[in-house]
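Below you'll find a set of structures to go through.
You will see two complexes here that share chain A, one where it goes with chain B and one where it goes with chain C.
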Partner chain A sequence: MAGREKGPLTEPMYYVLMSFLSRGMCGTEVTEFVERKTAGRVRLGPGTLYTLLAKFQDEGLIAETEVDGRKRTYQITEKGREAFREELDRLRACVNNGEEALG
Partner chain B sequence: MKHIYRLTPVSMYDAQGLESWLEDMAKRGLFLKKFGSIWCSFEKGPAQALRYRVEPVREQDSDEGWGRPSPMKELYQDFGWSCTANIGSSMLIFSTGDENAPELHTDPELQSGLWKKLYRRARWSFWFQILLMTVVIAMLCIQLWTGNFVRSLITSTTPIILLYLPLILFQIPDSWAELQKLALMVGQLEAGVPLNHRSFYPRRNRREAVSLVLAVVLLLGLFAVQYILPFTGGGIRPLSDQTAFPALTLEGLEGQELVETGYTEEKYVDGETVTVNYSNFSEQNHYLLCWNQWDVIQTGRIEPEDWHRLEIQWYDLPNWLSPLSVHLARELLSDTMGLKSNVWWTSPEEGGVVWTVNYYTHFNNRFLAVAREDHGFQVAAVSRGNRVALIKYTGNGSLAEHLEEIEKMVQ
Partner chain C sequence: MTVNKPVPCSIDDIRGIQEWLDEMALQGLFLVEFNRRFDRAEFDLDDPRPVRYRLDPMGRDKRKDKEREEPYAQMGWKFVAHIPRWYNIYSCDDRSAPELYSDHQSLAIAMDPLIRRQIRNNCILTLAAILVLCLPFLVSPLQTLENFILWTDPRSLFFFCLYLVSVLFCLPLLALDVRRLLRIRDTLAQGLPLKAKRRWNRPSFYAWWIPLYLCIFMLPRLLFPEVGWDICGLVDFTPSRPWPDIVQTEGAGPRPLEETLYPQGYATFNSSWFAPIQEFSSADWYVRLPSEDSPHLSGDYWTGVRYVRARSPAIAELIYRLERGKEVRYQREAPSYPNGNHITDLQPFRPWERPGVDRAELASYHRRGQDIWTVLLLRGNDVLMVEYSGLARPEDCIPLFLEALDKEAAP
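Entry: the complex of A and B
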């Protein structure tokens, strides 16, 4: 199955998609995950997070799985995993190229 | 709770100006309840430092059924931002008093996508406004070109449309400036520069309110002129009810006894029951620029089957429009002469209509001309001062022999 068709992921996109790999999460959990993972380097405001979640849903990379009161839980889809793997391969290639260039 | 109203000093697309104004209002103890492009309503309370943010929304971000707010509002709420008001269906205003609540956007490029959609919508609506204005101007030019301008100015909604044009023209520079501001904002976000939420805003913006009031008044005027005025003349009534001017009579033109024909009906006019003949009647019309206009129709038959008809259109213009009376008379004359052959009084032969026109008076504000078509249809147009009349006639008589009576109609 093909992953994301709209070019490489930005850093916030990459980490948001990564947050769903282990389990389903709600919005605030995603923010906490990203901040913890990047040691506060990448911060997500609710506007940015909502835009990303809506974008990923539209592209079929994640899906809403549970609504409990105000808490909405999303999970990554197979297409989302594929898109993440592609991005990871691209980043690996970037790192390898950089290291080769440095000697 | 008592609501306090204030004129909105900025356009709805000036997000930073609007946010700054709302924050200043909150510092004075006025908290936004409802947003309007002309005025906003506020609730009074203890002064507080609040942060306001304007957010574009997508169609799919609208509230869910059964009073459930949209996922967007719920997520923002989780981070301490509550939705205060909406700006139409395209934007929402969020506010927070929590100093620790994170800024809504941490990725300017991603945020630019939201504003770009709004910019495209605003741009489309701007060009639609220009297109609409061009169409109106084109329609007015066509009227001018086809020689019906004075008549449509006097008997239609054209004067109101003419008043609308400066109003729209007056708004175009403002709309363009708003559009440019929005484009600048999108450009800034696309370049990765976050928005500065503090910006200058004017203290008052009465122009928007005045424009809106004028637009509403003109719209009501347009409606009244188009749909209410035509019913205020009282409908058709007997010929004898017309006393505004001494009308030329069909009998006087024919010079012999006519049999009055036509379908008759009892009608309730001005509190009295009168018999109205639908082939012999008078009718008063009110127009915005000509309050006193009459149509007088006379039909008769000379035994056994010789039908004759006389139609008079009479206009009493306001004095300040008297310079247009000669133009109106000329327009009415040429318009009647230009009628196509499928009209009952002209020749049935295609292209066979030949007119002979005699101009008797044509100077200053006086005009009198009689035109005769080679199959017997006659037209006379007369004007003097602020009065104008058009006479259409089919019969054995000659309008040219009744010039004095024709002139008397407009004296």
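Entry: the complex of A and C
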């Protein structure tokens, strides 16, 4: 299955998608995950987070699994996993190229 | 206590609006709401403190926008107000909280629905403007052209041209408006920060814009007061050509008329270069015939002359076609008119060879016991239409009109 067709992921996109790999999460949990994972380097603002969640949902990369009042939980789809893998391969190639260039 | 202030930024200046609101907070003014036109903002007075105000572009679904208020609040951003159809405004006084949009690309994504909405609105506005201008021409092109050319107030023509120019001027502005938004989105999509635009003073803007606007719309009245038509009745009217009256036209027939003549009609003049028609006169001469004297005739017995002196032969040609079209419409509909006003024995317009004229056509019919003929003549800048009911034949009467066409009226 082809992954995302709209170009490379930005850093916040990459980490938001990564957060769903292990389990389903709600918005607050995603923020905490990203902040913990990047040791505070990437901090998601609420506008960024909910815009990306809505976009990923529209593109079919994640799906809403549970709604508890205002709290919504999302899970990554197979398309989302594929998109993440593609992005990972791209980043890996970038790193390899960079290391080769440095010698 | 509340304070009202003019907004010094354009609605698409996201950074500018945010910075201005932040500055207001440092002066102890905290946003309450914007008015509907987004030209004034209302503030609450309180102790000055640093507060960040950020704009969140409105999405496709208002309900989803509303649902975001709670999770935003959990992350330190409180809903303050909205700018209708554009942004929700959030504020945060916690310095440690991350920005509402922590990266520019996500703000670019959030702007997508707003840009689509703006493009759609501008397209609708453009289509509506074009439709409003073109509608009369689409529904009834001949009638519209006729109204244009025969308008009694040429200033109306001026206004139409002004509206046309305004629309043609505004349409590129709408396109530029969308282009500006697309540029903002592209800048953000490249991960670059937005720059605040130069602030402007709305009251002073209106101070020169309103007089300018009034000047433009008062211009025709201020500059062209003499452009309007002079209208007068037949009593005060000296036509530019000495048209024959019904006594003279009847004189050309088998029965010279002796009854009292009743003239009626009016004339309009305009010497301005703005007016496509320099003179329009409509004169009727009629008599009431006693039925015992003329059993074959009943009702009014008349000659009607409509004369137009156009600015150029091309306009005269157009008016000829319009007048002909109007008469043809009448002849097409009149056979079914009720109350004895219907016509019978119609012989529609046919070319009528007359020396000394560019074009001549003749039509005839029968109405209320009378034989009526209509002649349309075009010569240079002149258009003449004669309707006649009586005993004389067109071949006998029309030379009198052609003769009059050659003469200038005595002053």
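The working rule: the second predicted complex is superposed on the first by the 103 of 103 C-alpha atoms of A that agree within 3 Å, B and C clash if a C-alpha of one lies under 4 Å from a C-alpha of the other, contacts with A are read in each partner's own complex, and residues count from 1 in each chain.
As a working rule, contacts are C-beta pairs under 8 Å (C-beta built on N, C-alpha and C of every residue); 3 or more make two chains touch, one makes a residue touch a chain.
Quick caveat, the model's predicted, so the values are computed rather than measured.
Upon superposition of the two complexes on chain A, a steric clash is found between chain B and chain C. In the superposition on chain A, A:G27 makes contact with both chain B and chain C.
Of the two partner chains, chain B and chain C are each touched by A:R70. Once chain A of one complex is fitted onto chain A of the other, the partner contacts of A:G40 are absent, as it touches neither chain B nor chain C.
Once chain A of one complex is fitted onto chain A of the other, the partner contacts of A:G103 are absent, as it touches neither chain B nor chain C. Among 260-268, 314-322 or 350-358, the region of chain C with C-alpha atoms clashing against chain B is 260-268. Within chain A, the residues touched by chain B in the first complex and by chain C in the second are 10, 12, 27-28, 31, 43-48, 50-52, 54, 70. Residues of chain C that touch chain A in their complex: 54, 56, 59, 64, 67-68, 70-72, 74-75, 77, 90, 98-103, 105-107, 109-110, 191. Within the complex, the chain A residues that touch chain C are 10-13, 27-28, 31, 42-48, 50-52, 54-55, 70. Every residue of chain B that touches chain A in the complex is listed here, in rising order: 53, 55, 58, 60-61, 71-72, 74-79, 81, 102-107, 109-111, 113-114. Residues of chain A that touch chain B in their complex: 10, 12, 27-28, 31, 43-54, 70, 72.
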